[in-house]
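Two complexes follow with chain A in common, the first pairing it with chain B and the second with chain C.
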Partner chain A sequence: MTLVQNFPAFCILLTLVSAVVTSVLRRRSAAILTGVVLVINLVLNVMTLVYTLQTGESYVYRMGHFPAPWGNELRVGVLETGTAVVLLLVVLFSYLGAYRRSSQRIEPTKYNLYGVMVDLCVLSLLALIYTNDLFTAYVFIEISTLAAAGLIMAKQTGSSLVAGVRYMIMNLLGSSLFLLGVVILYSITGHLLMSPIHDAVAQLAANREYRIPLDVTVALISVGLGMKSALYPFEKWVPAAYSNATITSSALLSSVVSKGYIFLLIKIYVRTIGLPVIEALGITDVMFVFGAAGMIMGSVAAIRARTVRMMIAYSSVAQIGYIFLAIGLGTMDGLMVALWHLLAHAATKSMLFISSAEIDEASGGTHLRKDVRGAFYRSPLAAFAFSLGAANLVGLPLLSVFVTKFMMGQTAVAVGGRHMIVTLICLAVSTLLNLGYFMSTAMSLYVHDGEMVRRKPDHLVRFSLAGFLILNLTLGLCAGPIYQMFLSGFSVFG
Partner chain B sequence: MSEEKKNQPGSRFAKWLNQDQDVLERQMIASQTRKPDSEAELEEEWRRQRYLEDKQEEEAIARRLETLNEKNVPLVGRGIYLAGCFLICVAMIVLLLYTVTNLPGFGGEIDPIQNEVPKRYIEQGLQETGAVNIVTGMILDYRAFDTLGESTVLFAAVMVVLFLLRLDPESARYSTLARSIREEPHADTFYEPKHDAILQHTAKVLTPVAFLLGIYVILNGHLSPGGGFSGGAIVGAGLVLHVTAFGFRDIRRFFTYKTYQRTVVIALLTYAISKTYSFYTGANGIPSAIPLGTPGAILSSGLILLLNICVGLIVTCTVYVLYAVFRKGEV
Partner chain C sequence: MFSKWLLNYEETTAVILFCIGFSTMLFNRNLIKKIIGMDIMDSSIYLFLASQGYIAGHKAPIVTDGVQSMEAYINPIPAGLVLTGIVVSVSVSALMMALSIRLYHVYHTLDLDKIVALAGREEV
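And now, the complex of A and B:
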């Protein structure tokens, strides 16, 4: 085993150590350590990505001296490392871009604890991406839930506390459903590692044994993780959580925390239960309906939102709907589209949050949608980033979400039948609705009325916005090769 | 009757029988620092007044929330909501019970869970981990990564609670509140009986026993049932019992926020670093240099003893710090 193959495990342990050390540091050193560890994680993951691209295979990393069904293990391939790299970039830019603004809202003596929460989020994200063990996944889901609750309540204002409590209630329900599912799955297969479960489930399905427990466990896991990633009927915690937390928290929650759960769900569908079994159970159709409803309802709620952040929060619900609709198509292509949209949405949504905070500040600390008129003349870079993000979510060609919509349409046509009709209608309606709220807000940024005071963002914000722009443009302009790269990873994912 | 004779057990019993005197009263009073009656009564009255005021304030807030709720949610909507909740709960209960009846039985020989996984744990666990207690060998060696995650869950929980509830006296924003919470009538000891003789006597006996038992359970985790999680919970319970009976003054002599930070950082770092070593050697096929020792001896089973101590420290600190922070906002 070469040294590079150790890096995913090193990243996880390094992040854990850094979280522990950060808890005793002072404010400034805590902030620096968190940033440095993010950069190191990024570098190590890029190196692993290059390695896995060269070999083209995925490999299993034993966590300890005992092999598969007895010990814990990680599994690393192009898909895992690629997802980790994109999401870590998003975390880094979100962390830097909102560092100053978020740290003003937090009690100075407690800033190190905020750094701990960020570290724990990254830790659980990496563990969820790389783990090959259902119980490990559950443990890190718990860490992720706790850290996210801390992130939401960090401002310690009344509304953020209420949002945090709501978040906790919905997410604990989701975690417990997931845990119940894992327990039932263990008692009918006798395994906790994903690959052995796959074989056992295939055998059970072939012999038609334990049909009901298998149905229930798939339903519990799907609904549990759907609840945690803000799938439509369970999204009630989203608007309050995303619009009352600090801006770093909102960006991290919407684009990293919820994405870890979706990645895990896809992994469970492909690697653990097996897509044929899932499809035979009909759970994908449920996901399809929820996803379609989310696409429309999220956008409708976003149109009525009064503040920019509330609008972005509701638009998250719509975008999560896209992901679940793609999962609900029930084919490998559909899952690949879901994965692609996961990355595209993560990169875009965090950019929207960071740029909207900058625009709000340039417009006199307001949050209302009507007050951001003419923000382009006050803060050009942020306004440009915001309009690019908005254009992306609407689905302008040459950008990443366009690829999602295109591939989703193609997959739906291949699936055919009612799925095709519903998908195409939903895509059309949702695009129109997106145009309605995103374009109207983005265009109002360019209305020039009266005297404008130019506001220069500090260099961290500029760096982060530039990074986000490059990331989004790369995902859009180089969509072909990147999509192919992930596709090759997907073929060795299961 | 002379003064000595009055205090003889026999005569005290007779008095109690005649309902002249409560047999416990003498002890209770002796353990209290008595103030002159009038002053004590005055203080008691003031205390009662404060209590009533606080209660009225709380009730007013509760009423305001209630009216706010009623204004926002119409009665019909609430009825439908409650009925929906009820139906979903019942449906969930029925579904899960039905699933349970379809699960394989517990402990049967041909159940799916009786496969090669527990077989190896049971048959080779002792040679491979050196731990007589198979469960400990499983959680701290075969599946040590999960357990590292679980210790981190405890760490994360304490961090969030400290973030939300700790009133840092150095912090500018909360300093008034932080200062006022230390003084009466906001201090946590205000409404509590300060000299509860029964509790104090019980705590005096039980605390050392709890400490000893907890430490035994932690150190013997690889030899007998128990381990870091259960032992840590016992020691933590001992600390909480002592604090409840005697207040924070004694414990603060050796356990402050700094102590918590140091202990948990050292314990988690030791765990993470020692496991990094065994993950690295395990994954790369390098034999571990840590001897397993003679099974059954206290110094055996490789890293497990060390890891048990780490987990025990983390759990102890977590139990105590959660209690202390919830009670008075600082450790």
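And now, the complex of A and C:
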């Protein structure tokens, strides 16, 4: 085993140790340590990505070298490391971009605990991406839930506490459904590691055994993770959570926490149960219907939002709908589109949150009619970043979400039938709705409204917004090679 | 059908308890009752898991009298999983209780609907 192969496990351990150490540090030291650990994680994951690209294969890392069924495994390939790299970049830019604003809203003596929550979010994200064990996935799902609730409640206002408790209730219901699904799966296959479960499930499906428990298992896991990812109609906690949390928390929740669950769901479909079995069970049709409803209802709610943050929050529901609609197409191409949109949405949504916070600072609020008009003349970089994010989510060519919409349409046409018709109609309606709320907001940023006072953002915000712009433009302009890279990872993912 | 439920009475009980816990957590407005519902729900899953590991006539997985045959003992993995699950469950319950206390101090009620309404008025 080469040194590089140890990096994913090392990253998980390092983040865990960092979370413990951060809890006893002072505010500034805690903030620096969290940032440094993020950078180290990023560098190590990039090195692992290069390694997996060179070998072209995924490898299994046995924790403590214990074999199955006693041991615990990580499985590392291009898809896992690529996803980890993009999401870690998003976390880093979100953390840096909102550091000053978030630290002002958190009690100084408790900022170190906020750093612990960020560390735990990153820890659970990495574990969910790399783990090959279903029970380990459950444990990190719960850690992620606790950390996310901590992030939401960090401001300690009444509204943020209420948002936190609503988030907890919906997410704990989802976790319990997931756990029950895992337990039933264990009872019919005798395994917790994903690859042995895959073989056992294939045999059960071939022999037509345990059909009902398999149905129930897949339904429980899918609905459980759907609830946790804010899939419509389980999204009631989203607006309160995103609008009452600090800006770092909102960015992390929308772009990292929910994405870890969706990545795990894709992994369970491909590596654990197997797509042919999933398709035969018909659960993808349920995901398809929920996804299609989410695409439309999320956008309708976003149109009615009164502040930019609420609009972005509801837009997340619509974008999660895109991901689940792509999963619902029930093909490998559909899952690949879902994965691509997962990354595209993570990069864009965080940029929108960070830029909206800067617009808020420059304009004294983010009310859609009163405050954001002419924001470009007060904060050009933030307004430009917001416009690019908005254009991306609308699906402008040369940007990453355009690739999602194009590939989703192409996959739907290949699937044919009612799926094709519904997908194309939903894509068209959703794009029109996106245009309605995102482009009207983006255009109002450029309306010159009398004398404007320009506000210079601090260097961390500039670095973060520049990073987000480069990341989003790279995902859009270099979509071909990056998509191909992930596609090659998908071939060794199962 | 009914005889199958009786035959697998541990699993049947676990599923009934899960439904009770799930509906309590989802529909009850009182925060403390929601936490109780959550604990019932989690415990039901652990009951289900523990029942999967039990093999009638086999002993606890502690080597005694030098017997090392796997057939002599029950499956230890579900017991390990239940212990891990209990740790997670306790952490979640503790956080939810702490949160309920904080909310009670702020809004002087444990009724979640009233709390949400009061928080909404604050925002306006």
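Some points to look at:
The working rule: the second predicted complex is superposed on the first by the 487 of 494 C-alpha atoms of A that agree within 3 Å, B and C clash if a C-alpha of one lies under 4 Å from a C-alpha of the other, contacts with A are read in each partner's own complex, and residues count from 1 in each chain.
Note that in this section a residue touches a chain if its C-beta (ideal position, glycine included) is under 8 Å from a C-beta of that chain, and two chains touch if they have at least 3 such contacts.
Just so you know, these numbers come straight off a predicted model, no measurement behind them.
When both complexes are overlaid on chain A, the residue A:S176 reaches chain C alone and has no touch with chain B. Of the two partner chains placed by superposition, chain B and chain C are both touched by A:M153. Looking at the shared chain after the overlay, A:A200 reaches chain B, while chain C stays out of its contact range. Between chain B and chain C, more residues of chain A are touched by B.
Once the two complexes are overlaid on the shared chain, A:F463 sits clear of chain B and of chain C alike.
Using the contact criterion defined above for the overlaid structures, shared-chain residue A:F384 touches neither chain B nor chain C, since it reaches no partner. Of the two partner chains placed around the shared chain by superposition, chain B and chain C are both touched by A:E142. Contacts of A:Y186 after superposition: both chain B and chain C are touched. After overlaying the two complexes on the shared chain, residue contacts for A:V165 are found with chain C alone; chain B is out of touch. Note: residues 69-70, 135, 139, 142, 146, 149, 153, 161, 180, 184, 186-187 of chain A belong to the chain B contact set and to the chain C contact set alike, using the contact criterion stated above.
Put simply, chain B touches chain A in their complex at residues 95-96, 98-99, 102-104, 111-117, 120-121, 128, 141-146, 148-150, 152-153, 155-157, 159-160, 162-164, 166, 168, 170-174, 261-262, 264-265, 268-269, 272-273, 275-276, 278-285, 288.
Chain A contributes residues 69-70, 135, 138-139, 142, 145-146, 149, 153, 158-159, 161-162, 164-166, 168-169, 172-173, 176, 179-180, 183-184, 186-187, 192 to its touches with chain C in the complex.
Taken in their complex, chain C has these residues touching chain A: 18, 21-22, 25-26, 31, 34, 38, 41-42, 45, 48-49, 52, 77-78, 81, 84-85, 88, 91-92, 95-96, 99-100, 102-103, 106-107, 112, 115-116, 118-119, 122-123.
Across the complex, chain B is touched by residues 1, 5-6, 9-10, 13, 16-17, 19-21, 23-24, 61-66, 69-72, 107-110, 113-114, 116-117, 120, 123, 127, 133, 135-136, 139-140, 142-143, 146-147, 149-150, 153-154, 156, 161, 180, 184, 186-191, 200, 210, 212-213, 216 of chain A.
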